[in-house]
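Next come two complexes built around subunit A: one with subunit B, the other with subunit C.
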Partner chain A sequence: MTEQKPRDPGGLGGQSRRDFLRGSGVAAATAVLTGQAAGVLDEAQAAEESTKVLSGTVEITLKVNGQERSCEVEPRSTLLDTLRNRLDVTGPKRVCDRGSCGACSAIVDGELVYSCTTLAVSCQGKTIETLESFETGEGSVPHAFHQNDGLMCGYCTPGFVTACKAYLDKHPNATEEEIRKGIDGNICRCGTYVGVLAAAKAAAQAKKGA
Partner chain B sequence: MKAFEYAAPTTVDAALKLLGGPNAAALAGGTDLLGRAKDYVTSPDRVVYVKEIKELGGITGDAKSGMTLGAATPLSEIVHHSGIREAYPALWQATSEIGSIQIRNMSTVGGNLLQRPRCWYFRAGFGLLGMKDGQSLVRAGDNRYHAIFQTDGDALFVSPSSLAVALIALDASAKVRGPKGERTVKVEELYRVPRREGESELTVEPGELLTHVMIPAAGKNGAYEARQKQAQDWPLVMSAVNLTMQGDTISKARVVIYGVAPIPWRSEAAERVLVGKKFSPEVAAEAGTAAVEAARPLSMNAYKVPMTRTVVKRALIRAVQGKGYWEEG
Partner chain C sequence: MAEWPASPSVIGKRIPRLDGLLKASGKAKYPSDVHPKGLLFGAMLYSPHAHAKVKSIDTKTAEKLPGVKAVLVIAGPGTTLRYHGDDIAAVAAETEEQARDAIRAIKIEYDVLPHVVTEAQSMAEGAPEVFKGGNVKKGRGQTKGKPEDAMASAAATIEATYTVPMITHVCLETHGLTVGLEGEKKATAWASTQNVYGIAGDLAQALELDRGDVTVYTEFMGGGFGSKFNADVWGTTAAKLSKMAGGRPVKMFLDREQEHCAAGNRPSATAHIKMGADREGKIVSVIAEGHSTGGVGNGTNMILPYVYRGVPHYSVGQANALTNRGGSRAMRAPNHPQSCILTEAAVDDLAEKLGMDPLEFRLKNLDPGSPMTPIYQAEIPIGAELIGWREKRKPRGKTGTGPIRTGLGMALHTWGGGGNPGKQVSCTIHPDGSVDIKTATQDIGTGARTILAMIAAEILGLQPTEINSLIGNSSYPPGQPSGGSTTTPTMAPPCYDAVTKARDALFKKVASAFNNARPEDLSLKQGQLWAGGEPVASWKEACRKLGTSPISVTGEFVDGLSSTGVGGCQFAEVSVDLETGEVKVKKIVAIQDSGLILDLLTWESQVYGGVIMGLNYGLFEEVVMDPTSGRMLNPDMEWYKLAGASDIPEIVVRAYSPPDEKGRQVIGVGEPPTISTAAAIGNAVSNAIGVRVTEWPMSPRNVLNALATASREGRA
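After this line comes the complex of A and B, so read on.
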């Protein structure tokens, strides 16, 4: 398991608020899970089908932003919750948790998906990209959002940045109309669509110029 | 959501064995099943992941001999398929309007066809018929998105798959495999009107798997939908049509409508108007009028009647003329 570098310490005596909350959450989760048989394999079934039946908690390895990361999840754990709560990849946000708002957008094997509506166990062996791995220099999508005021409260921004990057990587010559349709799976409740669209257009332009 | 067992078999045979247990559910894109599981509308004990089974994927065939879609084909693959866009514009138009780019990347042909109704009473745990204390919550409550046909019955939800409407217009068949073997049915036979609570609106039995959809060569076809939002929404009303022409004359017509009944609604009334006539926008309008003659809307959805009339007319115009008078460029 590759450990992520610790964050700069925040408040709470050297612990950031997030580290503190996560620490107590993990303690609670462990207390619950030790009561269950971890990683149970239905052996009769497996022998018959040679397909593993997973239940309880299972150890999985995910390739996130170029790194192999291992963690324990339940089969029902979503990719979003696994990224955020187990692997400390907190770029994708949990908002609607129903595949409607786009804040959790991530790129799996090159395709943009809602990570809240994807099971983590089904992502083993796939390439998972979140916006933590994106270039942020001039000409990049994150830079274009910064330059074009593409955010207000910022909660939808990681999802929009991811959606824009995924779309422009596949459609570098997209027109404004196509970009609109390409990022229409994301919602901004502040209504900063004008800035988002300007940012997406600027990023497309920068891509063409590059 | 409730905890479940999980398996990811690599063959249909293995998947069928795994689905044979009690309360097992097939998972493809997850855009419907996981939402239902989170809301405890459906709580499977075992989930069998079928999206990556190779024999369930891919688009084969051509416009002349017909095409076959694997049930686990992502909808985005249909949108990017130039052959489908040319031969089956009804299917292409319907698919490209579904959900959003994320939804189309995730969800599959089979998953879209077998998704459960979006009726808010069903999704809130009141069952498909939405009954409480012997009273229909739908009839007494907010039914703006519900059915306008067969409303004297108890099933007032609308069938949720716009893909099904296009495929039925194209006279497609579906291959279903189960423990007893394989059967081929017309896509419309995948659906039925439930007569009592607890009866499914789908004819695919637990333990069975939809594997392929076969579309024969098509006539002039197209689709049109009316919707509230440009993206991330289901159509309010949508229609897909398929016309076999002999010269200028329509020799066969299939008109199917979404958003108006608990099954994809085949409008034989509209078809009767069309057959034997030369196509014109006036004939299309006449067919639209015929399509809604039997409509009996609920308290809040009378707006769907004129909407359906126009949607059928426009789908016909689009099928024959390629582009409608209301479209730019």
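After this line comes the complex of A and C, so read on.
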């Protein structure tokens, strides 16, 4: 296990710029982490003390994959939890639940969003698309993922497919480098990136041919 | 002895996985997606402290909250909690929001105890004990020959301490399951597991039912990497909550923080290594003393020296330092990636000291007694060619003058894998021509489902898409837990056996209907039944002759189809920014042998995936424990770093597959390709910057620290 030990960067006097940068980089990293530690403890403390009920529900209607769907949510309910837990739309996955991995990607009014950090109540009146509504025939993004084996366990796959589709719709002439940047908000643990990129390129090509 | 067909029509081809489109269209239902009628949502309360005693726990308020159906205390008063993330209590409620509220409403008083979360803390004199009896457990030691004497006579020696951090599995689908009861005597679960057969037993035990009363489904699962073999506390807790709630199904999946803290890790490893070689470049002695931590679980069992087992003299000592942190679990090639890094770093440093090309040095030191040696000898030149070793590689540190330096590194690995007898596969040929293959194994992303269909299709002259490959159901014939690269080599032989026997039974039954042919005149290819060199009926017509009786056969393991033991080598090219310490991997070459390859497409995905997991280990990953608070500082996916698309270099994968390689049968490739990547990257970094970075990962912090230390000592 790694202990973040601050290093003595040596006397400032004879230090080169390089050494100074190295030393300060390490010190800064330590400061950030120590600050974080204090943060998490406070959080834990606060969590223990706050036993107040925050519940209270409201009925909303969401337009999901072309259908008007009504359900009861709480003001704090995320779009992701609403889709998954209340509407049985389980394509988008909950993985980090805080906007770091892209598994929960959905398209709201044409924009790619992390549905885990989007409140359901804020999506009323908007068009919500998840990958279940995508075309799957030849030339489609899901088809390209399948043919190029851009998936293994497949749990990140809905997010990658959604991000790819959203990106290619807006950037039909994207280069490989641009596609990489376009899907950099997604993480795969099985390491399927080679297949994912091949799939994205194939889908882009098919789109141009169509 | 059984044999694979000499000129196959399906095996060895690039077949897209059968369930690929379901996964890529979001329609595959994972255990965390299912929503059986009456579903309740579960949540876990876990320890915020690294070490504490539960003084009191009060669930009254929680129980009264709206929507709460069941509250279960796991750690009652007096229980010791041993790590951040340790299980305390659980709740089931109508909505997930309500379940989380209820968790927050449980009042609990702790006696916070002193903790140890780093190896240094654990091994310090008078350190608080994780368990009674001391923190430091001596591990397996080994001595061969006279290492001290041999070291004294060596022409060149190196001595250094190399360190590899603890990492976690980061399964994207967290650990957990959905489970419900019908009446007193029947339970159904959807579990994210690598062991669908075994989990049924765990749940049966928790519910005091017979194994057969519990059916577990694992149609899909979102990653395990060695950490998902048991129902675990949270799984059996969900079953108990369901029972308390009148059998209503409960969905219980860990949140990301508890997943990082409690659901397994690959233990750290640190070793102080002395290595000596003679003037010809033969390693004559290795003396290593190591320690590691796997939290409250086992540490690393270091295999030192790794691969180079022919070294005449060595001694290895190692200790496991218990810490207040969730316990280790098997993780993709347990013990090997750590052993590979520790050994290959020292080997590289010694080659450097001798002024030898580390590639030549490795070839010189291959173990003459190992069956892997000829494989390495063949693989290394192929990899060297593909990475451009001869043209591009410069001696360590002689890599130019600018702030951006490039370098090359390499490493070797080995793994067992292989098949074991005892598991079964059934094959049913129905009169309508449909074919069912059934076994209680699961596809954890490796392509196991597709492989079984390919074997059946090969034998029956059909396409894999024409086979129903039914797995992920505990009521099917007992199948292999997916661990240690054993699923395919264990399941392929009984699959082959079942389908072959079913085919022969079909021939026997229908032969007379085709011009009174004898069964031995019949064969199957291209979707047709052939008799004496002529197609006589389509597959469906042939099956129709079965009338109302399907053929159903259960196959057993047969010899001759799978074996064990592989070798591989990997090369990395990196560039390093001396000012920022940032490392970019430009290219990785992976040469892997694994016997007979069944599906080349999914085989390649496995190797790419292994390399990328190794790249994460080499560049980004580490569990950061706070010595002061005892908590994990990065139990998320932001500060726990994993590669994204822009971090992925050019990766060149080659199967080492000469004709006689196929004769080694099916071996399994899950673990091997992830072993040596991080070692190769570390060696490439050292080659680029002229200084050994002794601590993995090759993060800016570790690279800059190595440069700063070297410049302070006047070495750079």
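Please note the rule applied: the second predicted complex is superposed on the first by the 155 of 210 C-alpha atoms of A that agree within 3 Å, B and C clash if a C-alpha of one lies under 4 Å from a C-alpha of the other, contacts with A are read in each partner's own complex, and residues count from 1 in each chain.
Keep in mind that, in the parts below, a residue touches a chain if its C-beta (ideal position, glycine included) is under 8 Å from a C-beta of that chain, and two chains touch if they have at least 3 such contacts.
Since we're looking at a predicted model, the values are computed, not measured.
In the superposed model, A:198 makes contact with neither subunit B nor subunit C. Residue contacts after overlaying the shared chain place A:157 against subunit C, while subunit B stays out of touching range.
Using the contact criterion defined above for the overlaid structures, shared-chain residue A:130 touches subunit C, although it does not reach subunit B.
In the superposed pair of complexes, A:181 makes contact with subunit B and with subunit C alike. Once the two complexes are overlaid on the shared chain, A:103 sits against subunit C while remaining clear of subunit B.
When the shared chain is aligned, subunit B and subunit C each come close enough to touch A:74.
Applying the stated contact rule after C-alpha superposition, one finds that A:206 touches neither subunit B nor subunit C. Set against each other, subunit B and subunit C differ in how many residues of subunit A they touch, and the higher count belongs to C. Within subunit A, the residues touched by subunit B in the first complex and by subunit C in the second are 48, 50-51, 53-55, 74, 76, 97-98, 100, 181, 183-187. Contacts from subunit A toward subunit C in the complex involve residues 1-4, 7, 9-10, 16, 18-19, 21-23, 25-26, 29, 33-34, 36-38, 40-41, 44, 47-48, 50-51, 53-55, 74, 76-77, 81, 84-85, 88, 90-98, 100-101, 103, 130-132, 134, 136, 141-143, 145-147, 149-158, 161, 179-181, 183-197.
Within the complex formed with subunit A, the residues of subunit B that make contact are 1-10, 14, 17-18, 27, 30-31, 34-35, 37-38, 46-47, 49, 51, 74, 76, 99-103, 105-106, 230-232. Subunit A contributes residues 42, 45, 48-55, 74-76, 78, 97-100, 102, 105, 111-114, 117-119, 121-122, 163, 166-167, 181-187 to its touches with subunit B in the complex. Of all the residues in subunit C, the ones that touch subunit A in their complex are 16-17, 19-21, 23-30, 32-33, 35, 41, 48, 61, 65-67, 95-98, 101, 104-105, 107-108, 117-120, 163, 165-166, 169-174, 220-223, 225, 255-256, 268, 293, 323, 325, 444-447, 578-581, 601-602, 604-606, 608-613, 622-629, 631, 633, 636-639, 642-646, 648, 651, 695, 700-701, 704-705, 707-708, 711-712.
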